[in-house]
Amino acid sequence: MKGWARGLFDNVPNALVSLALLWLLAHVGIGLWDWAITRGNFDAPNAEACARTGGACWAFLGDRWRLILFGPYPYAQQWRPATALILFVALIAATATPATWRARARIRTLIAAWVIGVPLMAVLMWGGIAGLSFVPARLWGGLPLTVMLATVGVGLAFMLAVLLALGRVSEMPVIRALCTLYIEFFRGVPLIALLFLVAVLFPYLVPPGWTMDTLLRAGVAFALFFAAYMAEAIRGGLQAVPRGQYLAADSLGMGYWQARTRIILPQALRTVIPSLVNIFIAAFKDTSLVVVISMLDLLGAANASTAEARWWGLYIEPYLFIAAIYLAFCAAMSAYSRGLERRLGVGVR
Amino acid sequence: MTSLHLAWKRPVVRAVVWQTLALTLVAALAVWFYLNITGNLARRNLDVNFGFLAGRASFEFGENLVGYRPGDSFLTAFKAGFANTVLVAATAIPITTIVGVFLALMRLSPNRLARGIAFGWIEAVRNTPLLLQLLFWHQLTIRALPGPRGAWELLPDVFLSNRGLYFPAALAQPAFGHAALALLAGAVLALILRARLGRLAWLVLLAPPLLVLAFTLQPVEVTRPALRGFNFSGGVSLSPEFVALVVALVVYQAGFMAETIRSGILGVAKGQTEAAASLGLRRAHTLRFVVFPQALRIVIPPVTSQYLSLTKNSSLAVVIGYPDLVRVSQVTISETGRAVECITILLAVYLSLSLFTALLMNLYNRHVMTRGGAR
Amino acid sequence: MTPILTMRNVRKSFGPLTVLPDLSLTVARGERVVICGPSGSGKSTAIACVNGLVPHDSGRITVDGIELDHRSGTAPDVRRMVGMVFQSFNLFPHLTALENCTVGPVTVQKRPRREAEAEAMALLERVRIPEQAHKYPAQLSGGQQQRVAIARALAMRPRLLLFDEPTSALDPEMVKEVLDAMIALADTGLTMIVVTHEMGFAREVAHRVLFMDRGEVLQDSPPAEFFAAPAGPRVRDFLTHLRRPNLHHA
């Protein structure tokens, strides 16, 4: 059986199934091609004009792609969120390279990069100094908002999660109970409910006069929520570290924190990195929920982009556009996670 | 060495200090929040009072199982919202399971096209946000489906249009709901007492629902949906929001479930498949009698957490206006201003669901462990 | 000269099972003691009690003047003076051989990194694997790993070194290299307590051989006497089993 035919036509039932599926795919494929290319409008002035051919309205994307990508951020200043986005992605990529975890010096450089980088990006986005005009957080949107919210939320969540995981397995009953309560609470409620909580209840929870940007409130909600999930993943990693490691660390006279930070956690975290990346992917997608608290992330901006009379009624084109973006980011992260899993499985260090 | 240093070396001292510190911190935080809440409420001449639940709600509900009408109490509204959440979950979960199993089998199929299509589906739903998918299905339902005049007749007297899904009223009786509950109770009982009951387990499973139906099923005049004017009347309808929500949840969660089931099947030691093959079992029989029972045991915990995720994900209904529990909370808050109480109710309900599921899972795990479960 | 280790009436139970009913043992400075006996005899528990990895229920354990009192938290103090080599090596997989040997001195004893590294290299040379210094445990053979483990324990400059069946998890061809490393230590005057079945080692360097069975010390004598005149039927049976070549490992 020739290479390409194996798995498709090697026996009669298989061949029948293949033929049926091929017919289905062809049908769908031709319909899609017809809609997208043959009848697609690449330079129509408005949605009505597109409706005349009944095909895809790509002209809409040509006109509105910046609004979708950057949200309501002032048009002329959009280089700032674009730069911040590139910086963020670069930092994340650097953090994700296994080569950086090896040397303590490199880890310190990485932490320094984040400590300098995040305020720098905040300055870029907010402005108000160094000649940059001030742009309030409620005008931030689109892809930079999605990436920043996910990254900062998960970053904070991670630090909290390590403490929670250690507390969850602690021998001290009070600590263990408190951490368990936290984890079970935040895993038991939907993220939307938490976003409502921070949006609606915030004025009641703090003394009068305290304010916090909706964006920061969302970030806090994200951090608190995902910390619970990451804590459970890290706990799994802690339990996978062989007991002999604890014995060896103890026999050298190491104290609790010395043993945890130098011996136990490096091993535990290494094994659960794929799970943590999956949680980050989930957080990245869940940023779309901020639409319920009136923030225009990538999805929100896509929705808003058809809100004017000119392009009213379109939904497939903007959704396809952002679906492609989400797919690109998430698939890349998934592939990374799978690659890591393979690497960590082979030649365990 | 100072006496303080000596004291700190004692494990008991450290334990007491850390735990007291933790408790104090948490208590301080709780007190601070409490004071803030009461202070802010007092400033606005409000208080924390669940009495508003008896007040009259004026908002409209698309559909509900509880018979709520505008003017009923807020408590009834909440019950209706909760019932809708349960309805969505109860509808989506069985369909998701079936589709998920089907997808998993496609993913494991010897046919490359089938594998590829399943892979495409799974990757598409896993790499895009659920909310995006929900909005897409919603738009599709209200824009791309035909109007009532051109509605699709899926089954005799079951119509799908952009105004919703209509089906004969005989199917929407409380009797069916009660029977479903009886089935669930029977299933749990049968599962637990499986060893002792043997063949009788089937009786325990099927008798209660059948009995319930026999005694409570009413010969209702079957009202069929019929096109009258611009829309159907008669029969029972499910809004396009409901249809979109269920479709989105099923398509999304089935992808995840397929992966869970697939890893469960693959997780059954390869040696089992080889042993079965060496005994001469054909592939289909191997799957059914050797792999599936063991895979079932492995996947039940993660699949249950998928069910729970699905239920929590249904909270996205608020974005398309479907009147589930979250939406009722939202509208109640805007009508009464009782934010603290409503959000408390919301969180309490979801927490109870989660904890209840966790409890069932614990019981199941213990059951499996004592019967020599591999994990 | 105070003995380096004194155990008096030490008792340890795990639930209903009493592993050590009443153990008393004294080890002088510079002594090399081998403890042998059938599996389950409590030998591993006994030495795990010495550095506090297993907390004893009652009785007194004193190591070089420091009483091991878990309630007062003196276990870390004892562990800084006592080194341990485990049956399953327990090397830290994310650190190189050299880093395994320096992490203890640097973080626990607060010694400067450069000094610790120099000393660690010297120790790795002593156990004959200086070229493996920058390799990770997964890249080393069992015998090499155990030798790194010995170097790691020595890097802490212990006054007493405990070995818990150091060669039991090794393939036969690697047992010799580890035993050789241990024999080489004997010349340094280090106090060693070794739980092992390797009687050749006992014969060559041990000052005393102890036989334990069911938590009791049934014989405690110099090797020559031990092998010539076993005290009692259980000791005799054990030695006979050992002499049969195939029944060596559990």
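The chains carry the letters A, B and C, assigned in the order they are written, with residues numbered from 1 in each.
Throughout what follows, contacts are C-beta pairs under 8 Å (C-beta built on N, C-alpha and C of every residue); 3 or more make two chains touch, one makes a residue touch a chain.
Just so it is clear, the model here is predicted, and its values are computed rather than measured.
Chain A has the Cα centre that lies closest to the mean of all protein Cα atoms in view. Taking the mean Cα position of each chain as its centre, C sits at the greatest distance from subunit B. Just count the C-beta contacts per chain pair and the biggest one is A-B.
For this pair, subunit A with subunit C, the centres built from the Cα atoms lie 50 Å apart.
Work out the mean CA point of subunit B and of subunit C, and you get 57 Å between them. As a whole-number value, the distance joining the C-alpha centres of subunit A and subunit B reads 24 Å. For subunit A, the set of residues that touch two or more other chains is empty. Taken residue by residue, subunit C touches two or more other chains at 76, whereas all remaining positions touch fewer.
Shared interface positions of subunit B, i.e. residues touching 2 or more other chains, are not present. Across the complex, subunit C meets subunit B through its residues 70-74, 76. Contact residues of subunit B toward subunit A in the complex are 15, 18-19, 22-23, 26, 33, 36-37, 39-41, 43, 109-115, 117, 123-124, 126-132, 135-136, 139, 143, 312-313, 315-316, 318-319, 326, 329-330, 333, 339-340, 343, 346-347, 350-351, 353-355, 358. Residues of subunit B that touch subunit C in their complex: 6, 9-12, 14. Residue ranges on subunit A touching subunit C, taken from their complex, read 242, 244-245, 247-248, 250-255, 258, 262-263, 266-267, 270, 347-349.
Put simply, subunit C touches subunit A in their complex at residues 51, 53, 76-77, 79-80, 82-84, 86, 88, 90-94, 103-104, 107-109, 136, 138-139, 152-153, 156.
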